[in-house]
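Order as written gives the chain letters A, B, C and D; numbering starts at 1 within each chain.
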Amino acid sequence: MSKLAWGLIGGGEDSQIGRAHRTAAGLDGAFVLAAGALDIDPARARAFALALGAARDRAYGDWREMLESESKRSDRLDLVTVATPNQTHFEITKALLEAGFDVLCEKPMTTTLAEAEEIVAIAQKNRRLCAVNYGYSGYPLVRQMRAMVAGGDLGRVRLVVAEFAHGFHADADDADNPRVRWRYDPAQAGVSSVLADAGSHALHMACFVTGQAVTRLSADFASCIEGRALEDDAQIAFRMSEGAVGRLWTSAVAVGRMHGLTLQVFGEKGGLSWAQEQPNQLRWTPLNEATRILERGGSGLAPAAQRASRLVVGHAEGMFGAFGNIYADLAEVIRARKDDRNPDPDCLHFPSAAEGLHSIAAIHAAAASAKAGGAWTDVSA
Amino acid sequence: MSKLAWGLIGGGEDSQIGRAHRTAAGLDGAFVLAAGALDIDPARARAFALALGAARDRAYGDWREMLESESKRSDRLDLVTVATPNQTHFEITKALLEAGFDVLCEKPMTTTLAEAEEIVAIAQKNRRLCAVNYGYSGYPLVRQMRAMVAGGDLGRVRLVVAEFAHGFHADADDADNPRVRWRYDPAQAGVSSVLADAGSHALHMACFVTGQAVTRLSADFASCIEGRALEDDAQIAFRMSEGAVGRLWTSAVAVGRMHGLTLQVFGEKGGLSWAQEQPNQLRWTPLNEATRILERGGSGLAPAAQRASRLVVGHAEGMFGAFGNIYADLAEVIRARKDDRNPDPDCLHFPSAAEGLHSIAAIHAAAASAKAGGAWTDVSA
Amino acid sequence: MSKLAWGLIGGGEDSQIGRAHRTAAGLDGAFVLAAGALDIDPARARAFALALGAARDRAYGDWREMLESESKRSDRLDLVTVATPNQTHFEITKALLEAGFDVLCEKPMTTTLAEAEEIVAIAQKNRRLCAVNYGYSGYPLVRQMRAMVAGGDLGRVRLVVAEFAHGFHADADDADNPRVRWRYDPAQAGVSSVLADAGSHALHMACFVTGQAVTRLSADFASCIEGRALEDDAQIAFRMSEGAVGRLWTSAVAVGRMHGLTLQVFGEKGGLSWAQEQPNQLRWTPLNEATRILERGGSGLAPAAQRASRLVVGHAEGMFGAFGNIYADLAEVIRARKDDRNPDPDCLHFPSAAEGLHSIAAIHAAAASAKAGGAWTDVSA
Amino acid sequence: MSKLAWGLIGGGEDSQIGRAHRTAAGLDGAFVLAAGALDIDPARARAFALALGAARDRAYGDWREMLESESKRSDRLDLVTVATPNQTHFEITKALLEAGFDVLCEKPMTTTLAEAEEIVAIAQKNRRLCAVNYGYSGYPLVRQMRAMVAGGDLGRVRLVVAEFAHGFHADADDADNPRVRWRYDPAQAGVSSVLADAGSHALHMACFVTGQAVTRLSADFASCIEGRALEDDAQIAFRMSEGAVGRLWTSAVAVGRMHGLTLQVFGEKGGLSWAQEQPNQLRWTPLNEATRILERGGSGLAPAAQRASRLVVGHAEGMFGAFGNIYADLAEVIRARKDDRNPDPDCLHFPSAAEGLHSIAAIHAAAASAKAGGAWTDVSA
């Protein structure tokens, strides 16, 4: 099975997210970095792409150069990942889709709702894959939750409780640190800070697991550190398309919380609870029975969860595996198309552009609701 | 040190809360049950009081009988606990206070806000103690949190996150069970179900630990089981008197959650996290440092926490100890008054009628906000 | 139901264990302190007994005085607890049993094996109750484990793993503290320190839960702090009467461990795991199935576990409840004898003198094995 | 930085350990699979090597063929991993070392002690790297423990407690499963089963973290399932080269335990506790202070731990990262030799052949001690 040709835009040498994408794309050996425009500095970009093994003529100094050159090649890139700063996602993703590339875009997919709608439309029109990296949805036990809900184990879902709390923007003395400050500058971050950044993962997971969309919401935004123009803490009450009630809390000032992404789902027939910091266990409580601890890799899990596991039960898997599952799904879909066959249905779990759009719509609705004193606000997409 | 004379109204033989009060009152040997009107059935009431060791002439069939008789005695009751059904709290507590008794009332102190205000006024006028049993505030490490906030360890408190989630009303087939059904009947339960019942403990704890009152809030109530006239799940955003932001979630349909009362407090200088189900540990994260696990009974705790501990570090203490601390505080205050001295300041942590009033005000404000689509609503008391 | 008359020897004002016994004996209101010889200092002993409510003529200055006086009374004590220093247990317990009293003795029951055998013989001959306070066996979920083993849920028990690790004797600078030092002085502590003190609880629990006795063992004793004549860390391999394999580790130098008493039991059909620091949950893994979390007070528990619970599921219970269950059992047996009926079989779980003897035999065998370089050594009783 | 050429022997398509090695070797992009003899079946071996990207002339059917061919090439393999069945490790590793290759061998390095000594001697004589894959020692927080001990944070280490308990050989009905049975056949597994398999990881970790060797030990082996010629449960008491006391328990019949590899280290100044199933947190208790939770990736960790981390704090890392750190260390050492410079000292943490030898010596000593009734036995290497 020859490797798929992968291109990466952004994600330079010091980039945490770049490393995560490279590791995830290579985890199963499905993708090989064939081309890259990895840095805003052209020289550094080319040097790093070469260091990562790209051929000399595919180590680009700039994404436009890469697009132009790659568009003409016969040995086309099978997938391009966009891991540049947020405000550039739209332009690059749009250009790639229009040129006929399949794309995995970092979240947020775009800055505005109109742009997100445009991306969805272009991808559909051009019949291109456009995935958005809500990477935590790649965790095997998150997929297990989704499978259990879809399979009816919980009955009707009544309630979803999602959280993403961390404390890394809690130091007032560090608030001017450029790596923190831009997140609270509307010019750079848009209408929302912590909800758009951390909270959107929680929101996506609520939708991903329940298979429901957020239809309307009431939000409260707070800036706990003086001088911040955007929220560093948010709470949202919401309702979903098949009637589920939702609660979401996200914070960047929760000192002592690290990467506190958690999801609880409660239905007629039982409840589920999962936490990103201990991703290899899932708590499942059938109604009126004792709580079970489901282990990643354990017997009895759904095929989609089994497939997303790389190690036998008891070992620890982590974020690289989760992100790797997004790439594994995309690899299968791309290969299936090449082979003119249907993809394995257990691989259709990567987050789509439609999901990216929905997240952006929900974030904008939340910002509007917060401004309107918590008024219930419809989510338009 | 002679024992204090204690009277109990309600809390009959099958009553869980009655057993808790008797155990808590007797835990340190400070109180002895001297009189009781323990059951709605006069014969059962007298028989049970006798069985518990009350003298024949103080084993009453009815609280009015008890009040009349006890009011005339020279060997007066030092404290009377009211553990009757909720809708009777006001009438009985009021009568006891007017007759000059010190009272510990189960929560909710009253059904309406006007009644709660009346209780506060009567207690003040008559210079009587009126405590309300937000019993979880008696846990040693809850008092430790309070002491740390008061002592400035957290700096300014920015954010409080309180939860009380359980799943014991999640079984739709059990919804007609009389022990469940009355809680969703506005005629019996008033304006709120799960918030007034479970959630009010979380709300009280947020106030108790921060020393701040809730000033305004935005609420969402949901009835996850069809046919319920009151909420079985609620979420509240709030603001507090010294600027803290608040988040609260409470649920009765969270299958798998048992007695999920938790509190997180985040300030400028650090964060705290405590859970009722593991009450003997408290997590404390100083800003930019590693999380510490503070142990109940461990060295270095605040005097109020040390005093509230009965066992050396490492042993498990539980709810009886917490409730017992409310009684221990009251015993000290009552004794100090008898001895004409100031009470130990580390015993002034029992929840007061003013706190009972504040809880009721907040619950009513939340019900009003939820009805008004989440509109921010002032808490009147 | 009139209260049972209880006497206490030892357990004076500053005594942690005295407080625990008083609280446990009074927890359900079954016992009332009728007589006491509570302190080595006669004046303090009498004063404290009076303060606790004993009648003037039953507040004794000395246990011999108490024995002589109480033996003549017609309103006899129903139970006497011995909570004096270890080396006096034998003499006092023996005298009480010979005078016809029922006794609850703190562990260790005696210092030597011969004494322990004598106690068992006297109790049998005089048909007196002689219980030994392996108090952690009173925890509801420890009784649940016992019931599950007895009921065959685990099939044949293959393996028991018991631990009691703490770090409170780890400070070399504190080694001369009298409260620590005596434990490492053979003249006061006998043949073993940490095994006899902490480890014996783990050993007892292994026997209590499996219903098997230790038949032979191989031990390693270590003194991690220089100058200690007795072990502050021990490990034992053992075999049990119905073939179970046993492992035990106990330590007093395990910095960071608090009250690390844990038990794991593994059988043909499943495994159990319990920890004293989180006593309200029990992990149960049926073979080839997911681990379940059994909650104290939850539905489906064995009658002996239900009976030992005082609060509904989700609340925290602790050590007072556990010790209280020993007293509750004894109360039921004493009452049954008074009533000339059979006691509730779910109350026959208090640790007996025979169990106290077995523990002492095992400790002595372990000390002998350790001295003999780990040679496998039979446990004589 | 050009990639290092990597060869793999064993680890075919269905092999869990093969996947782990391929993923780990590729995790940072340092190694590329250049040659392989991946399966006992030559055709499958060649096909799979091709599928993994090896050149046609380096996709071998057999390790001897590979050795012969690769020995002649000018573009030599930088590292060869041996992941074949245990009894072949010696022969293959020896041959590779003699041919001048650097080797990473799966554990156990050899079957007999004499063989292990030979490997160490050959590696030394030929100045070749020979590493042994005690892969859990690659976890960042295991390296943190090692650094803290080496840096004196614990003072003198008094006590090490190591465990590796699982329950995957507990099903008597599954005992004839070939994947289980061979482990209890002395002809295939040698003198020990669960100790050599799981327990040796715990033993290695105890040595790795303390920097001490096991000097003598007393062991108890048990076969909990009838008919097993080798132990499925073992306990070992040991002493270490600088005086530390050791305790080890390992089991294959501990139903409910998954991959229960844990290490506790207790010294004069504090204690450490780590568990493989939650590898991203480490508990550190300075003497007389509160326990701290150190997070992987958190600030303040030792350089060796920081270097072994690939993601920011709060994310989950797992086994691939740990194994990847062994490869990262080897890559650095290999590159340094190529560059004729000293390797980064924070990369000298891969387990060496000497450590592989020590493990085998300890296992053989334990088997001998167990046979001799727990007699204390010297560890020869």
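By our rule, contacts are C-beta pairs under 8 Å (C-beta built on N, C-alpha and C of every residue); 3 or more make two chains touch, one makes a residue touch a chain.
As the structure is a prediction and not an experimental result, all values here were calculated from the model.
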| item | value |
| --- | --- |
| Interface with more contacting C-beta pairs, comparing A-D to A-C | A-D |
| Copies chain D and chain C - interface residue numbers shared by over half, same or different | same |
| Separation of chain A from chain C, taking each centre as the mean of its C-alpha atoms, in whole Å | 55 |
| Computed distance of Cα centres, chain D from chain C, in Å | 42 |
| Length of the line joining the C-alpha centres of chain A and chain D, rounded to whole Å | 35 |
| Touching two or more other chains - residues of chain D | 284, 288, 291, 295 |
| For the chain A and chain B complex, residues of the former touching the latter | 158-159, 161, 165, 167, 170-172, 218, 220, 222, 224-225, 233, 235, 237, 245, 247, 249, 251, 253-257, 264, 266-268, 270-273, 283-288, 291, 373-376 |
| Of all residues in chain D, those that touch chain A in their complex | 1, 3, 16, 19-20, 22-23, 26-29, 51-53, 166, 258-260, 276-280, 295, 310-321 |
| Chain C-facing residues of chain A, complex | 284, 288, 290-295, 298-300 |
